[in-house]
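Okay, structure first, notes after.
Per-chain numbering from 1; labels A, B, C and D assigned in written order.
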Amino acid sequence: MAVLGAAGRMGSTTVRAVESAPDLELVAALDASDDLAKVAAAGAQVAVDFTVPSVTEGNVHALVDAGVHAVVGTTGWDDAARARVRDHLADRPDVGVLIAPNFALGAVLTMAFAARAARWFESVEIVELHHPDKVDAPSGTALHTAHAVARARRAAGVEASPDATEQSLDGARGALVDDVRVHAVRLRGLTAHEEVLLGNPGEQLTIRHDSFDRVSFMPGVLLAVRQVGSRPGLTVGLEHLLDLA
Amino acid sequence: MAVLGAAGRMGSTTVRAVESAPDLELVAALDASDDLAKVAAAGAQVAVDFTVPSVTEGNVHALVDAGVHAVVGTTGWDDAARARVRDHLADRPDVGVLIAPNFALGAVLTMAFAARAARWFESVEIVELHHPDKVDAPSGTALHTAHAVARARRAAGVEASPDATEQSLDGARGALVDDVRVHAVRLRGLTAHEEVLLGNPGEQLTIRHDSFDRVSFMPGVLLAVRQVGSRPGLTVGLEHLLDLA
Amino acid sequence: MAVLGAAGRMGSTTVRAVESAPDLELVAALDASDDLAKVAAAGAQVAVDFTVPSVTEGNVHALVDAGVHAVVGTTGWDDAARARVRDHLADRPDVGVLIAPNFALGAVLTMAFAARAARWFESVEIVELHHPDKVDAPSGTALHTAHAVARARRAAGVEASPDATEQSLDGARGALVDDVRVHAVRLRGLTAHEEVLLGNPGEQLTIRHDSFDRVSFMPGVLLAVRQVGSRPGLTVGLEHLLDLA
Amino acid sequence: MAVLGAAGRMGSTTVRAVESAPDLELVAALDASDDLAKVAAAGAQVAVDFTVPSVTEGNVHALVDAGVHAVVGTTGWDDAARARVRDHLADRPDVGVLIAPNFALGAVLTMAFAARAARWFESVEIVELHHPDKVDAPSGTALHTAHAVARARRAAGVEASPDATEQSLDGARGALVDDVRVHAVRLRGLTAHEEVLLGNPGEQLTIRHDSFDRVSFMPGVLLAVRQVGSRPGLTVGLEHLLDLA
């Protein structure tokens, strides 16, 4: 297999993870200056793309043309870009592409479980906690989770969480994301953490993910590399590989 | 609908919950001395059984004979007893029976999610926490969860959680239940709580259920009452009603 | 001893707690319509006041005049009212009055420990969680804790917690209370909970209090009743009885 | 100042921390092969010892002889060794020695707060969580905490935590350390974590420390370096520097 963006943080971590996986062989590690033709020339069957938003879509189309399955962790994909890949793959029914916004199994499972549980509880709120050097609040993962939870509740006809607040200091009740309250804590020492709190009369369900280190993405990346060849077409999201049914 | 064992703690809580549910009508509330024929005589379509192990199986067979769907929360059912109900229901394909060891939605979801997540993590341990008047340790719920987790890991070919412990005080590492470590905390002020901890390099997933009060069982009981009529045959476990796929 | 406001929720809980304490004897339980002279007439040495803001100050002065020690849990005391009690007690050096905004030992300890720890950490934030019928956010306890933490940090010359947030949804980062971020979660099933999170490079300290039931105030009330007689003058806050030095 | 054991993990982390502290100057970094006389020769006023149990006591006596204050993080000190240092310091009233089993401020505060809180609660248990490569269970920190909690409860005449357990799987209730239950979790992805759970009727207090990285020891080491010169004699434990009264 091949790694694109091999000099970056995620790319180099992937290179090391592949090298220590006995069932995988790294045949090409490309940086920004390398020609993508090297991937096919090296005989790679799967390529992992951890590059940058400006080149990732072009990379994927080139890989599809070359008949190489692609696992994509680069951000910046919108609906239109995904649709173009889906169209392209219609002509190449033997090739699989997996685009995942998050490869941490725990984060993916947190979102999937939260969405499944949300319709069964009166209340749901999200608390995300990160290191204080983060520039955006709430985190993208928390926003995704809030939307997934809100969609599941709407589909089941569940009302918004009850809230009798009348007097509130600005910001105390968090940000309202698609009718779900999201609170962002910033604390020195932390990395990336998310907690989904669900409440019913007399009980609480909490689903929490702690990410301590970017090595946490590697089991998910390797899982995608191993499975993408047997999933022709476009797959969006690692949850489809996790056998959650 | 009808409630059997209406004078008990769970039964009387069910009576109150049914009375405040606008879509359900209570037509019979039976105690130990009452004749089961009252259920059908009152026109109940569904009966909830919160009685005692010695009579619950007889109740269920009588309800099936009378064409009344049954929701059973009484403990004490073993494989043989369940098989007898299944056989009986083969003759009554219009009747549904649901037997659930636990009606707290959060507890049922915790077990279901833990089982689904377990194969994706290197390590898994369970901590349960209860009030100090509890006589057994670990709790039945924690034992069920441990077995569910262990089954899922075996089915996926996952090894036991790593553990390099060489020197240990007796009991420090918890009880080993089907290769899963289970720790039981007893603390004044608590009710019933369970935490499943799953770990991979660089990340942790935690699924926690807090039960503060037995009213937490009521959403699950009412859900079962509403659905049992459309599920002919025997259903074991509330998770089958929760649309988790 | 005597209980004022004995028909209220806190007052009646106090009556029951005193009745089951072998070392205390209840000699008077007064409601709004009762004459305060009954307290001294009954020979009470200590009176607990769980009445209402409009009468509590008058009660305390009357108790001091009668030479009865007072434990006050009623809210609504400001600096001026406390000063008037202090002045009055200067003439009665044998009488003790204890006014406490919170009798839950765990809540009092959480605040005391948070204040002591705050100067040693770069970051501190507070998350409080309550049932969704609460009308104010954040809770009074969380506001008190934030101010106590802020005072301790200012006294030690510690800077505000680091925060690089540039893009934020309204409310995501909580309310800013005296330079401390406070987040308020509202969730069905909860009672009253507070979490103080402190962070340094590579470590986190968390102090959390869960209040499940108003019986949690009783150990603190009884402690105050037992000690107030040996603490002449005015004491504000239960923490002074907890031997924290 | 000087660092002894500068090539070890803790020593080299200390070297880097001192180098980035504007108010401290590193004048000597010694490894096992270096002569201790270099410390005084370089003009160091304070030396930090992160060496090995077999040499640390000799180092401290040599530093005291040379009039250099010592901060000691090496393990292996017993009562007799500490007494010998105390005796030696009686002849050098100008020199300070601080021996600390733990420099993580959060861990030290957890133990101090747990000891102060323990007498006010009916129940107390400890859960420690570490990576699965750890060979001993429970951790030394958890053992220290259990003993500190037990001493505080005995001194206050508090009974052992209530526990009605009659049927238990081996190990479920943890290890009994000085009448305190201690549970040890081992989970991939974790570093070193400790949770002290305290319970009363209706309430719970939780004090939790998470150590994610050994940089967490550095604020405590630098605090000790800055203060040891103004604390003549022997000080055991960082808590004495934390102004907890």
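Odds and ends about this structure:
Note that in this section a residue touches a chain if its C-beta (ideal position, glycine included) is under 8 Å from a C-beta of that chain, and two chains touch if they have at least 3 such contacts.
Just so we're on the same page, UniProt names per chain: A, B, C, D = 4-hydroxy-tetrahydrodipicolinate reductase.
These numbers come from a predicted model, not from an experiment.
With contact taken as defined at the outset, chain A and chain C are each touched by B, D. Where chain B touches chain D, over half of the residue numbers in use are shared by the two copies, so each contributes mostly the same positions. Here the CA centre of chain A is 40 Å from the CA centre of chain D. Once the centre of each chain is set as its mean CA position, chain B and chain D turn out to be 45 Å apart.
Computed from the mean C-alpha positions, the centre of chain A lies at a distance of 33 Å from the centre of chain B.
Counting partners per residue, chain A has 121, 189, 198, 200-204, 210, 212, 216 as the residues that reach two or more other chains. Under the stated contact rule, the graph of chain-to-chain touches is complete, every pair of chains being in contact. Contact residues of chain D toward chain C in the complex are 104-107, 109-110, 113, 116-117, 119-121, 198, 200-219, 242-245.
Touching chain D in their complex are the following residues of chain A: 189, 191, 210, 212, 216.
Chain A makes touch with chain C in their complex at residues 121-125, 127, 129, 132-138, 161-177, 181-190, 197-204.
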